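Got a structure here, written out as structure tokens. Questions coming.
Per-chain residue numbering starts at 1, and chain names A, B, C, D and E are given in the order in which the chains are listed.
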Amino acid sequence: MNFDATLPLLVLASSLLPGLVIFFLREESHRLRTLLNLAGAGAKVILVGIMIWGVFHQHTYLTRWTLAPGLELVLHADTLSVLFVSLSTVLWLVTTVYAIGYLEKSPHRSRFFGFFSLCVSATIGLALAGNLFTFVIFYELLTLATYPLIAHRGTPEALRSARIYLRYTLGGGAVLLTGAVWLHVIAGPNAFIEGGVLSQLPDEYHGQLKAIFLLLMIGLGVKAALVPLHGWLPEAMVAPAPVSALLHAVAVVKAGAFGIVRVVYDVYGVQFTSELGLLAMLGVAAAITIVYGSFKALSQDNLKKRLAYSTVSQVSYIALGTAILGPIGTIGGIVHLVHQGIMKITLFFAAGNYAETLGIHNVSEMNGVGQRMPATTLAFSIAALGMIGIPPIAGFISKWYLGLGAVEAGMAGWVLPVLIISSVLNAAYFLPVLYRAWFCRPAPAWPAEHIPAARYETAGALLWPPVITAGLALAAGLFAAAPYSPLEWADLIAQREYQL
Amino acid sequence: MLTAHWLYGISGCLLLALGLRTALLHDMLLQRLIGINVMGAGVFLVLITVAYRGPGIAPDPVLHALVLTGIVVAVSATALALALARRLTAEQDDG
Amino acid sequence: MAETLIWLIAMPMAGAVATLLLPRQSTPIACVTAVAASLVAGTLLYAVSEQGSLSYEIGGWSAGLGIALRADGLSALLLMMTALVMLASSVYAGTYFTKAAARARFWPLWLLLWTSLNALLLSGDLFNLYVTLELLGLSAVALASFGGKFAAVQAALRYLLLGLLGSMMFLAGVSLIYAGYGTLDLATLTLAVEPEPVAWTALALMSAGLLLKTALFPLHFWLPPAHASASAPVSAVLSALVVKVAFYLLVRLWMDVFADLVTPAAAGLLGVMGAAAILWGSWQALRTERLKLLAAWSTVAQLGYLFLFFPVLLALPPGPARDTAFGGLVILALTHGLAKAGLFLAIGIIQQRSGHDRINELNGTAQRLPATTFAIALAGVALIGLPPSGAFLGKWQLLAGSFASGQWLWILVTIAGSLLAAAYIFRVLGHAFGNQSYPRHSVTIAREEWPALILTTLAVAGLGLAGAPVWNLLESGA
Amino acid sequence: MIEVMASLLTVSGVGFYLAGSIGLLRLPDLYSRLHALTKADNLGLGLLIAGLALHTQDLLIALKLVLIWLAVLAASAASAHLIAQHARRRETQS
Amino acid sequence: MTAMLVLDILLVLSLLSLATAALATNDARRSVILFMAFGLVLALAWGRLLAPDVALAEAAIGAGLSGALLLTAVRDQAHRALRSSRKPVHERGRANLRVTLEWTVTLLCIALAGLLAWALAQAFDRAPKDTLAQAVSANLAISGVSNPVTAVLLNFRAYDTLLELAVLLTAALGIFALGPARPGHRAAGPVFDGLARWLVPALILTAGYLLWVGAHAPGGAFQAGATLAAAAVVLRLAGRRSVGLPTGHTLHVAMVAGVSMFLAVGLGLLVLGRPFLGYPPAWAGGLILLIETAAMLAIAATLVLAFFGGRPTPAPGVAEKTS
């Protein structure tokens, strides 16, 4: 086995193996666990760096393993998977640091970090999946690895939301599986190939293909939180903040969105999807979700819940970009996969900091928090403004390309209004929060001050992650035209997809 | 087909059905057990009838051997069932 | 190499005799026997993969006059599963029964059960199969009642009566076959049998008996009490192996010996019964209060999946498509065997530690018995059919076969059954992850927890990720 | 001649059997039924066996038949005694 | 021929009516006695159908020992087991359901009998396939015995018999595991004692004879073992508690004698390079007798244990001897 065939496996193993070892560590071996976590995350960053370079230079990284006749586990690095892998890898590193700080004294850390690593491994596997079969395997594994994280606290609410999460995701998984098997039966093993393969099937299969597309979208839509399949996401906010970060930015929601992108571009092919009339359907679903999520976010006082509804809305920009035929819309959707991740993880880190440091859970308790925790609040503000689409933060780039793509594809008539309405609503639910944080006078006492202000406003491991990710969000906007930036990479993906 | 064949063959089938009915429907263990034994007798009768070739002709020894085995197996099972039943009633009476 | 076949039967039987004659040394003898028999099973598996199917004529008499033992890929795989489950459960039973006297009485029956399992999987003769079925039934009943608890004895007695009924039906079919074809040898019969009343009446009778023994809905009612009230290692083996070998025999008869007779309607009937078993068994598992009953009902449901394969396989054209689907059936059966045995062993630990198995009072198990909880979770993954378990590959093939033959009902049932399975498994895990403190502080003994963990890991990672050889073996040993 | 004797013995044996059986069915209580059954049947069997022994004209078989008769005599005597004893005990208990 | 037909009809009718009567009654004791009578008539039928080996076994095991087992079970009220589970029928709907069920099962059973008989008739109508019987007689000369049934049981299909002994052993162990034997019987009085005094030696003698004669005439280990067990049953009915059966370890040896001798011979031959249980023709007779002797002991021990219904416990203070 040469290096090219091993690299995808190594990328996967760099989080899987530490995860498995961590399960067997004693609760007290704090240092060893931290070392394993960080070593795994660091190794992954290096390996992914190699992979980015290689894919850019047209290397093929491919691992195959036969599970059954006609069913192969294929790990394959192409431009799209590398984009998602690098997002997950970087954010995993940051989240691990954050989680180590966040869970400093809580029980069952071995279990937590074990499943945490499994969760990321599943995401990596999903990103590298070279065919639909492999994708389904890691999609289900992701569900399994996430459940213990949501249930981690063991309180009745945690167990309840874990149950709700399972109900949605396992149901979605079953639907996805059905669609995948059906497709496998009529089209054989479906390797992900840029441009898709299904257009070659004879016409009499088109009806079945439409039904399968619907099944796949429902299955993926659950994790991507497409309305009305989003119900689990706001419930899952009871999980510890690092888990929320993982759910909203790195793993679960992204896995759904990524799956939609994969199916449209690399299984059906965007042209063929459009010919079948399915693209418009997806666009409508995305548009409804965007507007609905924003509306719901308006009325939430619980900060994490507000952020959760914001995720519902923002993730559908990716689906919306996919639904816009043409390279520019594609770029907008794909680049938002990265941008939304960076911005949303910042917001959740910040929310976690407020809760951990001062016991603040609700928007109404945030008066004047900017004076007590300026760095955190600054990071929060950058991410929030980015979400609204204020230049030069990353979110602006996404929305710009989406709008441009819609105009180019002749869909401006309904896409632009959706973008405008949602941006207005984004502003309506984020700006009041920023106003309170910076300009209102603080209440006489914080709800529960756990961490007193010392050298920093809060513990170091909690402070640096949001600051770094906020910086990234800013950089992704400022240096969008630099080589290897998310935008440039999305451009590369679009070129290969449309064979430009 | 000899007269004995259909006479004993049909009886075997009837015994099987009779035993089966009792084994399924009767609500007393002992009768159910006897029903199963009657079923077995029916099957054995069928086997011995198949072995029979007519007067003065040596019958098929293989089937005779099978039935011998079957009888011993049946009595083992009956014995175990009765021991279990006895244990149950002993405990019912104690409690 | 063909001698391995007879050694697989003689070895556990000799072990049974030795444990009976040397009761003081029974536990080491049983463990040595278990290891040796497992090694022989491994050898057989290797031999079949290298040389194809093997046969052995006992006493040197040609099959027909004498009795032949035969092993092909299917039986070799099931023999290996039997060996793994029995080995793990033997290690477990060595600590589960704390009294030496109880152990000394347990081992002979245990090894006789193993003998009968191996004998059944190897037998190539119809009447011999009847005797092995009776040996299997009696040893299973004796073990199910072992310990003498009232509920266990009661369930065992019902189990025995129904088992006898099943055997008698089987024997009736056998006698009809001998009357019609003058042979008991399966290989000879395969060539001689024709689609005619004698053959299909015989097949119907034998199948009825076997369906009762394999507890297919609606003939399942004896299973949950018997499997739930036995001691943990016995439950494991009853659920994982005993019903499975009866199913093996059905497969052997329907797909092999009487393959020409099977009509779509008959296979469809089995499919409908299987579908009902899936839905009803899963529903009951969801409703039950006790963990062991849950596991037992789940066995009823899981057997249903195996029967769904009958109509699907029949609808596929003979050749690679059918062989691939058949491999799915086998891997599903293997996965269930390993996973269910592991589940029962794990439940046994929980029951011994907490003194009960009421699901609603199991909060905190994940903290006190993490390895055992993990074993339950892994078993759950296999029962639901989630990746990367072998059951996932099996269900994929089931779904693919159903799609290919346009049998939509089975798809709905499979999906619904999997979701119900997820519901009952996560009901247990939900409580296990709960925060309340566990009643008693527990001491974990590795020898107790490892068997369950190893079995379930094999079911999930072993068969799921390295399951491809199963198909190769079925092909080379066909 | 011997054939005639044999038939005569057999037929009278059957007659005794018949009488014993009618007695078993018709007589009022256990003791008298026992009385009818044992005496009549033992004699009936004896006559039957005598007839058969004459019929076979083989000494070894005849001896075996007599052995059977003796065994049945012993068994029926013992079982009749047991039945009667059981019935007595039950009566005295109640 | 017509006389034979009359006999056949009489036999068949009494078989069916005895079975019906035994199964129809609700009185357990009556049912058992009728079943024993059924067994005896069945033995006659075996004789009629030229199966004397089976007739002997049926008389000894089927009618005799099974009957004794069932009767003692009735004495111990064991027939009441499982009964409590079925609730008394109160509601009308449930009663109707029960009637419907009974009718359905009855009709199904009738259909089954008809189907079976029909298929059987078809099987009889074919040319008789005597290949196996012919193979047996062709190989009888090298089987070591001249009784074809014994040849099948202990040579051609000896493996079946090995498993059958394992079944017996399993049943005995299962009974063992359930606990100690129930108390013995009350002494039956002098008359029965007198009977037992000469019956038991006669039975033991008969057993030995049956074992030896099995090689060339009807008889063999099973009939012999059952006769031996019958002797023990007689002793126990006469009030002897452990009927000379060893307790503890020696009993284990007796119980596994058959299986272990079989295995020893089979594996010994395997080690010597012959097939498992593939006797060299010259030794076949001797080896078969060896196995049969051990099997007889095991069968007798097991059947007696079954009659005991548990582990035998030594009588307190009384040393016992068999006559």
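The rule we apply is simple: contacts are C-beta pairs under 8 Å (C-beta built on N, C-alpha and C of every residue); 3 or more make two chains touch, one makes a residue touch a chain.
Here the structure is a predicted model, which means the values were calculated and not measured.
K.L.:
Out of curiosity, which chains are bumping into both chain A and chain E?
P.N.:
Common neighbours, chain A/chain E: C.
K.L.:
Treat touching chains as neighbours and tell me the shortest step distance from chain A to chain D.
P.N.:
Counted as steps through touching chains, the separation is 3.
K.L.:
Assuming chain C simply isn't there, give the groups of remaining chains that still touch in a chain of contacts.
P.N.:
Components, chain C removed in thought: A | B, D, E.
K.L.:
Starting from the Cα centroid of chain C, hunt down the chain whose centroid lies farthest away.
P.N.:
Farthest by centroid: D.
K.L.:
Which chain has its C-alpha centroid farthest away from the centroid of chain B?
P.N.:
Of all the other chains, the one whose centre lies farthest from chain B is A.
K.L.:
Going by the contact definition above, tell me which chain pair has the most C-beta pairs touching.
P.N.:
B-E
K.L.:
What chain lies closest to the overall centre, CA atoms only?
P.N.:
Answer by centroid distance: C.
K.L.:
How far is the middle of chain B from the middle of chain C, if each middle is the mean of its Cα atoms, in Å?
P.N.:
The computed centroid separation for chain B versus chain C comes out at 28 Å.
K.L.:
If you average the CA atoms of chain A and of chain B, how many Å lie between those two points?
P.N.:
Chain centroid spacing, chain A to chain B, equals 69 Å.
K.L.:
Quick one: report the Å distance separating chain C from chain D, using the average Cα coordinate of each chain.
P.N.:
57
K.L.:
Rounded to a whole Å, what is the gap between the Cα centroids of chain A and chain C?
P.N.:
Chain centroid spacing, chain A to chain C, equals 42 Å.
K.L.:
Which residues of chain C are in contact with two or more other chains?
P.N.:
127, 131, 134, 138, 141-142, 145, 148, 153-154, 157, 172, 176, 179
K.L.:
All pairs of touching chains, please: list them by chain label.
P.N.:
Every pair of chains meeting the touch criterion: A-C, B-C, B-E, C-E, D-E.
K.L.:
For chain E, which residues count as touching chain D in their complex?
P.N.:
Contact set of chain E toward chain D: 188-189, 191-192, 194-195, 198-199, 202.
K.L.:
Can you check the complex and tell me which residues of chain B touch chain E?
P.N.:
Checking each residue of chain B against chain E gives 1, 3-11, 13-22, 24-31, 33-35, 37-38, 41, 44-46, 48-53, 55, 58-62, 64-69, 71-80, 82-90, 92-93.
K.L.:
Could you list, by residue number, the parts of chain B that touch chain C in their complex?
P.N.:
16, 19-20, 23-24, 29, 32-33, 36, 39-40, 42-43, 46-47, 50, 63, 66, 69-70, 73, 76-77, 80-81, 84-85, 87-88, 91, 95
K.L.:
Would you mind writing out the residues of chain C in touch with chain A in their complex?
P.N.:
Counting only chain C, the residues touching chain A are 320, 323-324, 327-328, 331, 364, 366-367, 370, 374, 381, 384, 386-388, 392-393, 396-397, 399-400, 403-404, 411, 415, 418-419, 422, 426, 429-430, 433-435, 464-465, 467-468, 471.
K.L.:
In the complex formed with chain B, which residues of chain E make contact?
P.N.:
Chain E reaches chain B through residues 4-5, 8-9, 12, 15-16, 19-20, 22-23, 26, 28, 31-32, 35, 38-39, 42, 45-46, 49-51, 53-54, 57-58, 61-62, 65-66, 69-70, 73-74, 76-84, 86, 101-102, 105-106, 109-110, 112-114, 116-117, 120-121, 123-125, 128, 130, 132-133, 136-137, 148-149, 151-153, 156-157, 160-161, 164, 167-168, 170-171, 174-175, 178-179, 182, 220, 222, 299, 302-303, 306-307, 309-310.
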